[in-house]
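To start, I am sharing the structure in question, which I have written as structure tokens.
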Amino acid sequence: MKRIIYREWRIEPARYWGLLAILLAVIGVGGAAALYMEHVGHWVTGMNNSVVWGTPHIFAVFLVISASGALNIASISSVFGRTAYKPLARLSGLLAVALLVGGLLVLVLDLGRPDRLIVAMTHYNFRSIFAWNIYLYTGFMAVVIAYLWTMAERTGNKYTHSVGVFAMLWRLALTTGTGSIFGFLVARDAYDTAILAPMFVLMSFAYGLAIFILVLMFAFDQDRERRPLGDQMLRKLSRLLALFVAGVLYFTLVYHLTKVYGAQHYGLVSWILRDGGYYTALFWIGWVLIGGLFPMGIIYHPVLGTRRAWIAAACGMVIIGGLAAMAVIIIGSQAYPMPMFPGHMVLESGVPGGAGGLPAPYVPTLPEVLLGIGGVGVALLITAVGVRVLQFLPESLADDIIDPHATLRTSKA
Amino acid sequence: MSFLSGFYAFLFYFAVVLLIVGLVNKLVQYARAPAPLKIPTTPAPTSSGKVALRMFREVVFFESLFKGNKWIWIFGWIFHFGLFLVTLRHLRYFTDPVWPLITFIQPFGIYGGIAMVVGLAGLWARRVLVDRVRYITSPSDHLILLLLLLIGVSGLSMKFAVHTDIVAVKNFFIGLMHLQVNPLPSDPLLLLHLLLVAVLLIVFPYSKLLHAPGLFFSPSRNQVDNPREKRHIAPWAERLEQE
Amino acid sequence: MNDPHEKIDQQRRRFIGTAAGVTTAVVAPGVFLHRVATAQSEDGQGSSQGATSEHRWGMLIDTAKCAEGCDACVTACNRENGLDLQTKPEGQSEAKWLDQRSAWIRKVKLQDEVSGRITNLPLLCQHCEHPPCVDVCPTGASFKRADGIVLVDRHTCIGCRYCMMACPYKARSFIHSEVEHKLTVAPRGKGCVESCTLCVHRLDRGEFSTACAEACAQDGHGAIVFGDLKDPDSALNQALRAQPNRQIREDLELNTGVRYAGI
Amino acid sequence: AAPALGKNYVVPDSEAAQLEHCVEPTEVMRRNHMQLIRHQRDATVHGGIRSTKYSLARCVACHASYEDGKPIPVAAKGQFCQTCHAFAAVTLDCFQCHKTVPDGAGHSPGFGAGRQGGGSQQ
Amino acid sequence: MAKADFEVPVLKPYAEIPALEPGTMAHSKTFQAKAEFQQALGFPGELVEDWQERAIDKMGELLGRYRSLRVYLDSCVKCGSCTDKCHYYLGTKDPNNMPVGRQDLMRKVYRRYFTLAGRFFPKLVGASDFTREVLDEWYCYFHQCSQCRRCSVFCPYGIDTAEISMAAREIMDSIGVGQKYCNEIIGKVYKIGNNLGLPGPALRDTLEGLEEDVFDETGVEVRYPLDEAGAEILLVTPSADFFAEPHVDGLIGYGKVFHEAGLSWTMSTHASEAANFGMFIGSYANMRRVAQRIREAAIELKVKRIVFGECGHAWRVAYSFLNTLAGPWDFLDPRYPVPQHICEFTYDLIQQGKLRFDKSQNDDMVLTYHDSCNVARASRMGDRPGGQFEIPRAIIRAACNNFFDMEEETIRERTFCCGGGGGLLTDDLMEVRVKGAMPRVQALNNVMQEKGVTHMAAICAICKTQFTKVLPYYGMELEQIVSLHQLVSNALILTGQDRDEEDAEETSDEAA
């Protein structure tokens, strides 16, 4: 096996600083939005006592599960021994950490009392999946950093496999944990199902990979030496993405079927699929079309599937679709009235959106959106600085150097 | 005025005078010694603005150390950043009214204190565990680590275990700054903390702690890379030319 | 329908254990101050006994007695707990503010889909025995006192709103903006979650009533009976025995402390 | 413990101004009042123990000063809690939630007649 | 494989930090300069009577003259970042070859005589008297530093061990303990004009030979002029370029480039040497005296520009110090930087599209590039930081089809020294040289194994000489080292040149 050479990202300094400046500006705006929200209180957001989690949570959950998915590439290489993915493993680890940090930051800054973060770290309720998630998240970071270390430091190489297996299990636990945040909400129709956890795992694969491919293409393209990214390699990655996207669609179908099956949930399904107003639109146009069918169509298309710009567009679509899916899952299901009195119609419930009757209103406001985007900015900033100061990117992914089929045969040397 | 307050008042005046004299002496020495040749380590910035940026990155991020050794960097940085936060938090004992920024940062100083101790522990571990570093370590290197560690631990104990009368401490130091001696609480931890701090102030200009000002004078870092554009010549070298 | 008391008794032991655990976990850090816990105040006001598991406080709400158009209980709670002192932030729309302001008890009006019968009832925190809000709270800020009252310790609440997601009754409110006016008995501030405390300050002071029940009775409806579920002779238990009653969302098996008759 | 040093921060016209000492010796209060009230806090909120002597409401009641018969918030500039904390650069979030003036007439921390004495913090 | 009476390090696929083995190189003693050479440079002929005092005095003097020395001796915190950065340490495992270990040889003396702590508590701070043993250590280990500045890159304070070893050598010179190799060579430069002691006529002969060779090969009359007053450009190049392989192929390349540029140029017998060993012995005075020759030559030949050939430390002296030592250069054409590197010159022409290449001429080689340390870490090319890395690579890419870099930790500012710089390029230090070359050779070996690299280009006379000498110890061929301008020379299509194949024209269009 040839040794893979990693080199720091050698982007033109002017471009690099330009990129950093843009990201910093995005983060600055996001930070200012968060500060504003904290200063005056959450009344400036669209959130209320019925829809308690809003746009920041869409971004946060999206980033967190993408983080887990981004690590998938590394797992494929070191756990399942697909050597073709090995050169990608480091970037995959870095992205995982970066996305997680971005996501958590959004989550933390949206707290009612972010100043009490230390409370959250010193007081635990071990019956709360949320508390476990704090461990899962910080642990994930530690595990991935250890994993990266075993990859980068030769004395650690021998542990790569075992740490990789561990990281993969941890990652699955993390996505399951994130999914379970919703899964544990027995009171809410939309979440009360076991299918949510595996669906989240698949979503994480898809979104993480989409982000990964975009970052990889951008980084390689912007390198001063224009690092080669082989067509076959790219094709392999995009095919994998299509597979994951198909998996997400499959689970979406199963999800709704199981819901319809349990007759009491029929109302929810028909609401999301038909009567939910813009949640319905988000579901069909965002989740299914843009996030599922379009990208699959592009990737499997004999011509478009080979064009780089189209592959990038497909990745972009998966990401947009992912955000839409999160919006439907997180907000749609809060907006849907809670069934407290079966067999009764709720005529009044004290305050609007209260105990039932009408769907709860929620209109995102600018600060929330900016905060969410700020989190994305943080993730990208960490990635950009990471690949620049440390050796994350392989020198070349040209097809003649990295045999994309290296799994099938044992390598010669 | 109790004996204790008097003793500590004297100690601190003494330590501060020694610190200032020693440090000024060193800085003058550094400033006086010319740098006769352009020796920035390249690739180096080509304008003084960019040199300032380079120095900033060195001072704030320890950029070169990062390139050199990640472990040392991580512990060194944790320690120094912690120390920095602690220093900011400590400003509350010396300013009245306390500047709003300090009030804001003050609570983070506690984490700074913890970080500082963790960083020191890591640095010390490396002195013991890595053969190369063990080889270059002399007793004084251990002692300085010990000193800082004890300062940190005694401070943290005051924060988390046996509280002291902060208001009185502050009155004592504000008093010193106005040349009057106010009573100092006689809590043992506080007295230990302050004693060690005085020792630190005294040894600062005579030990490797000079690295802090030293960095700013390091020609391989602070010079502009423009020898072809601008003639650079030291006074003593110019005299050679006259001969 | 099962007799609720039996169930409560069955689970009693388990629940003492948990409550004690939570309390020690929170209290432990102040080790050297332990004596404080037992210290008595000289003025002798209120109980220094604290909450014990000898009681479990609860309510029975007789929807048949709850009058259409009446909101005495809501008004009373608002006054008792300073909720009426909340002010709408400048620039906020009225509708949004209604959705964002804190409300601990609400009037709900239902119509039976088959018979068309109208039912009125007040909806408040049900003080579940197995409260989902407590289960999910990451910091343990949501907790259940030894006497069954579910509270938010707003000193450790980080404002994550997970409990609000979890509560099947939408009983909780998040404080969306700065609170300028408040009562000594009901501290309140931006960024935390709160809900009905079962007028815990009254109980701790030795007054066995809640503002809502009191107001309802005063208005002559008497729809709310407050009392100790563990005292077989309490008015509450007598009422429970006298009337068929149920929990809202019985399917979740939360064993609520607030029961309803007539739905 | 050592005696409290330097000047005293108790404000005139407060209940405390008329009294000899705080709920604990001054040097203890200086050093440990935050521990005391924090502990009381947990005892009250979790344990339902309302009336031990370190109640925050009691602190406020005893230490609030009065002007024209109206209480001045303890967290207002120049008042008891604020003076010290500004001096020590400590920011408290307690008074975001807690009322800063005592309830009712008389300097009692009563819980009952909650609505008199001005509901306002400022 | 060349025979060695010492253990040649084994090349490994990955860099390793060896465990310490104290004293492995304590036996290494480079020959001491004889009295006559010492005196020629103004130093005492042999160890003076009161050497200790005089050394301390000299140290005091230098502390006052060099801020670098003063700050560096105080500032080191013994962090350890530099400990595994010196190629001599990596190759020899001797802790005194860790940069900080080397500095400490001087620091312990400094502390003893110049600091309070060292005066009162020598044990505590590791201070020591300047004894004969210490002097021997100095002589031994300060002649195992190639002054490559690699350590300075990684030191948080930029502590440059090169500065310290220069100061140490100056102190030793001042008490009569000089190194034969350096001091003799400087003497030759004063006497004859170049390191190798080549007299003018010999030079002229060689250059005429080159003209004939190039004409035979290409059918174009490329000139290699000497001492032609009024030429536009003065070329100053290391004397090795005049005859030794592969250096001379570089010189042929310069000539072709000048020819294509259509500019008149000349070399000078008076300044027929770019190298300046004055730097190695830390002697400002000698460095200045050597540098002055170039000024004199430029004035004498009335040139408008000065261009330096491929030589690492010569370029450092030229780029960083020439203006200081021999400036101001106001009599030259102000449109061009003084001095210019031949690579800058060639690169500019490539940028302007004035050179045409047939890259296939270099297809028999797969290349990598060795960043010479003095160019990489002590000077620059072009107008942007890092130009010294990009410009040579750009030239190689313009002239060759097959190019691969070595591992990132071993190139650019992190490049490893060839092991022969800093006045160590002498046979009496062969063990040091071979061992010190290990990290570089190891990285080279890796690209050879993995990328099929066959040749390594360099732009430093010392590097080239050192590699041709030490590569055989590692079982490699001495021909594997090429001059950068040799590649240019191979691929450059001279106007009017006889071409073997017509189709080469096409490839050259692409290149241009």
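When the chains are written out, they are named A, B, C, D and E in that same order, and each has its own residue count from 1.
In this text, contacts are C-beta pairs under 8 Å (C-beta built on N, C-alpha and C of every residue); 3 or more make two chains touch, one makes a residue touch a chain.
Since we're looking at a predicted model, the values are computed, not measured.
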Centroid-based (C-alpha) most distant chain relative to chain A: E
Chain located farthest away, centre of chain D as origin (C-alpha): E
Rounded Å distance, chain A centre to chain D centre (Cα mean): 49
Cα-centroid distance, chain C relative to chain E, in whole angstrom: 82
Centroid spacing, where centroids are CA-atom means, of chain A and chain B in whole angstrom: 43
Computed distance of Cα centres, chain D from chain B, in Å: 40
Numbers and ranges of chain D residues touching at least 2 other chains: 35, 93
Residue list for chain C, restricted to those that touch at least two other chains: 26, 178, 190, 192
Footprint of chain A on chain E - complex, ascending: 13-14, 405, 407-408, 446, 450
Chain C partner contacts - residues on chain A that touch it in the complex: 38, 40-43, 47-50, 52-53, 111-114, 116-117, 119-120, 123-125, 127-131, 133-134, 181, 184-188, 334, 338, 340-341, 343-356, 360-361
Touch list for chain B against partner chain D, complex: 92, 96-98, 102-104, 106-107, 163-168, 170-171, 182-187
Partner chain D, residues of chain C touching it in the complex: 22-23, 26-27, 30, 33, 36-37, 39-51, 79-80, 82, 85, 143, 145-147, 151, 153-155, 178-190, 192, 200-201, 203-205
Chain C-touching residues of chain D, taken from the complex the two chains share: 35-36, 38-55, 57-58, 60, 93, 96-99, 102-103, 108-112, 114-115, 119-122
